[in-house]
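Shared between the two complexes below is chain A, which pairs with chain B and chain C, respectively.
For the complex of A and B:
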């Protein structure tokens, strides 16, 4: 076989593999959206779930998912930012640093059920936090931390060393160089990383079953006092998220329209995650353009 | 490659006012002895060129002068600036770099607007007065011969400028800090001839109020702009004299071979 033919074969095989990947994705998305979207309506999105009757919605679950996501990011972003900056800017190349990196890898590959049970035993039982958004957010932080730390570290490392040298050569301290020059230049990448990790957190179910719980108590969306047990902002209340709701309705749902609800909720979940992904790309590009071209 | 003796040297002392002096400066990258014994005096308000082949240690040497090698190398010997050894552990390196500023081989403007590129370091060093900032922006851009090209676009991103403009912005950024000494590490090597000529003009102007030390691969450039020239070879300074003497009547065989192109 001459090299031209070999090249054609190789290209063909690669195209085939790519088509397989894209095909699976398209089939999956298509199936979920086609079966789910017809059940999504304004009523579905804005009414509470029903335990026994048909016609329940996902209002509380959708809100819980978003609220949990925000809390998780509030907890995990500062920690990830600190460790990302340390790993990228300060950490020397030695056994200790590689130990940290390995630890982060391990943390990111922990099975979510294990993390969920750990959160259940430690926070829910031992610290007596109870099934709550807070316990869920802490469990999700375990997933989010490695992803965020890595993406922040990589975004910072993508900033050329010349930028650091420029800052230093102007008499700026290392910290000022990092906060004033390196961090802003890495911001598009960091934002993309946050949004992508948000997608992962949004879809997580197993870790939340044992921490945030499987019930969505009735909350009032007009009660803005986060310490009131009926407030939608209270982080100490149990909160069933969208992903957990799908799992629960599918396994033990007794409503006559369980199938429709789980299809509809799945479609909503997928759409939100797609929005996150597209938003990440758009925002990253937009910020990069804003920085590199005319304002 | 021909071998030259490191014992034969021709290094003059500067009779006029000195801006910076190094004594027995040595640099080690781990076990690699990259710079042996560099003893040089730099005259104030003059341009001094450092020439030599790749790997001769001229860039390494230059980066020592404002302590940019601190993180990657061990630097021994003395760097005397205003009667103080600034190579001492006790010295605040950030303060040193405000007096001895550096422009790099590749233009490295910040991913900010043209104006902010200049004002950023000023603001972080405590200059808040808007008029003063505006004055420094205009003045530094004028002294880098960039003002006329960018005065209407000060709030546009610096990354949209051409390579030559970016490099002049980097020079302006240094000048705005009002340093004493400007170090330039092959500032024109990534630029086209027209941009190079503009940079050279800029440097000639800047010489009136700054001491300039420039590393260059380009011998014509050294002969065009430098008052003094030092020739580096394999981590040694072999010859240091007035530029016209280096190029017309070198005292050391290695220098003569290098400038006439019979090297290596």
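For the complex of A and C:
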């Protein structure tokens, strides 16, 4: 009887803890969406930020976030793919591989602020690039690489060895087997990994404060020349992202409507990240169905 | 006669075959090419980690090598005011307040988060695996997905006023930092604990239940103990995340570089001091070097967490 009572109490406590955690998430999402969505309007999304008066929007910040995300993925995907292929296909089981794995683990557990400071030290100060989208994208690449590499490696390893053996027995080289057979089979998993890492990159701020900078200069959206300093495509201009903007108006800003701006911006940020999460799930499932015979 | 002596035509043919056999084929070249690419990528990652370690270490050591600050004075001093000299003519660079605050919020957040994380993990693995995975997996993924500035913003606009009302004071401080970090490390600890509980073999549970143990007895006496090294690893990973988290903490901790006197007084962590300070100091000066030394401490702590995880992994696997 005693142990049965203990069992019931423990089960009750576990249920309570689970309810609390679900409650926390519901509160977080509810709070952000309920306080934030009313401030999100066409005007908010399409007008420039104001430093000293109310009524500023987040147009430039939103664009900077997306541009930075695209640049980061362009830089980090090839490197992560190569490293993932090495780890899953070529890596011999020796000290060098385990050293590399340790290095990747260390990189993934480094605080993002340290990675950001490294980017600041090397690119902004030593190479004299200045606060720029490029420096930000490179810092985010460092921050993104270990996770993307690991997810690509896992997706590649999930492909059964039979497929590799089939490729090799047809006389294909290992490389041809990887690019022609293993990579396509692993593509759904790789895409899911990319989208999830995109969500992380989109919300990251600590690594960007001292690399991409904290100012959003006025840019022209009709100037398509990436080398012109006023062009929105110029990667050498400083660019405050959405996440950095939320941090900035809350800590250092003097904008009178900081609360409204940050709740609106948080809502936009959360909605975009929710879309990334749902997209990853949906796209992964869809591609898996499309490319395999599984129902 | 003619059949024995190979003609020139045959000789050429044999040479061709010999050449083909002795020289690498097209497939081999392809493989070299692919191998080279993947080796270059992995070498880049290795080089990157090494250069991060090198650059942060050299900059962080400048306080001690160029400015001749005593290393122990740096770690144990309680006054942080790098622009000023103290009564002995030494610069006031005591990092202890930040170190203590960082450890406080990290340990407290991990302490609060662990029961919740274990509750969710046990629910998903032992009590209701199907429903649990279906509903709680997205919950955990969403908690991971919420960016740290949003956590900081909610902390600033909800938790800090709440603490101010309940306990008085400004509301900024270790307590607010702990609450924010608790939610942020929760998904990390939960998902790693789930992995480790799932890897406990099923027959352990069957054996325990067959002996007449209740579900809780099985969980408490068998499953949790078998999964203990993994759960400990999960907690350490959570602590590593809390220790390195910058902006969310910076927004709610108050950023006063004072020794914390309780959970409610404003203080400052290593990360918050870094984010606030780096922009306001000039490269190469002592105040700036001292900040890089804080970054070095962060880096070293992250390495320590890594070593701890490896150590536990080794000990845990030896027991089997």
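The rule is simple: the second predicted complex is superposed on the first by the 271 of 295 C-alpha atoms of A that agree within 3 Å, B and C clash if a C-alpha of one lies under 4 Å from a C-alpha of the other, contacts with A are read in each partner's own complex, and residues count from 1 in each chain.
In the analysis below, a contact is a pair of C-beta atoms (placed from the backbone, for glycine too) under 8 Å apart; a residue touches a chain by one contact, two chains touch by 3 or more.
From a predicted model like this one, the values you see are computed outputs, not experimental measurements.
More residues of chain A lie in touch with C than with the remaining chain of the pair chain B and chain C.
Shared-chain residue A:18: touches chain C; no touch with chain B.
Shared-chain residue A:118: touches chain C; no touch with chain B. When the shared chain is aligned, chain C comes close enough to touch A:266, but chain B does not. Using the contact criterion defined above for the overlaid structures, shared-chain residue A:185 touches chain B, although it does not reach chain C. Legend: residue contacts after superposition of the two complexes on their common chain; A:165 is shown touching chain B, with no touch to chain C. By the touch criterion stated above, A:142 is placed in contact with chain C alone, chain B being left untouched. Touch criterion met: A:176 reaches chain B and chain C at once. Residue overlap on chain A between the chain B contacts of one complex and the chain C contacts of the other covers 171-173, 176.
On the side of chain A, the complex with chain C involves touching residues 3-4, 6-7, 10-11, 13-18, 20-22, 24-25, 28-29, 31-32, 78-83, 85-87, 89-90, 99-100, 102-107, 109-115, 117-118, 120-122, 125, 142, 145-146, 149, 171-176, 178-179, 199-200, 202-206, 209-210, 214, 243-244, 246-247, 250-251, 259, 262-263, 266, 269-270, 273-274, 276-277. Across the complex, chain B meets chain A through its residues 66, 68, 94-98, 101-104, 106, 108-113, 120-121, 124-125, 153, 155-157, 159-160, 170, 173-174, 177. Those residues of chain A that touch chain B in the shared complex are 160, 162-163, 165-173, 176, 180-181, 184-185, 290-295.
The residues of chain C lying in touch with chain A in their complex are 26-28, 30-31, 33-35, 37-42, 44-46, 48-52, 55-56, 59, 115-116, 118-120, 122-123, 127, 132, 135-136, 139, 141-143, 145-150, 152-154, 156-158, 183, 186, 190, 213-217, 219-220, 237, 240, 243-247, 250-251, 271, 274-275, 278-279, 283, 292, 295, 298-299, 302-303, 305-306.
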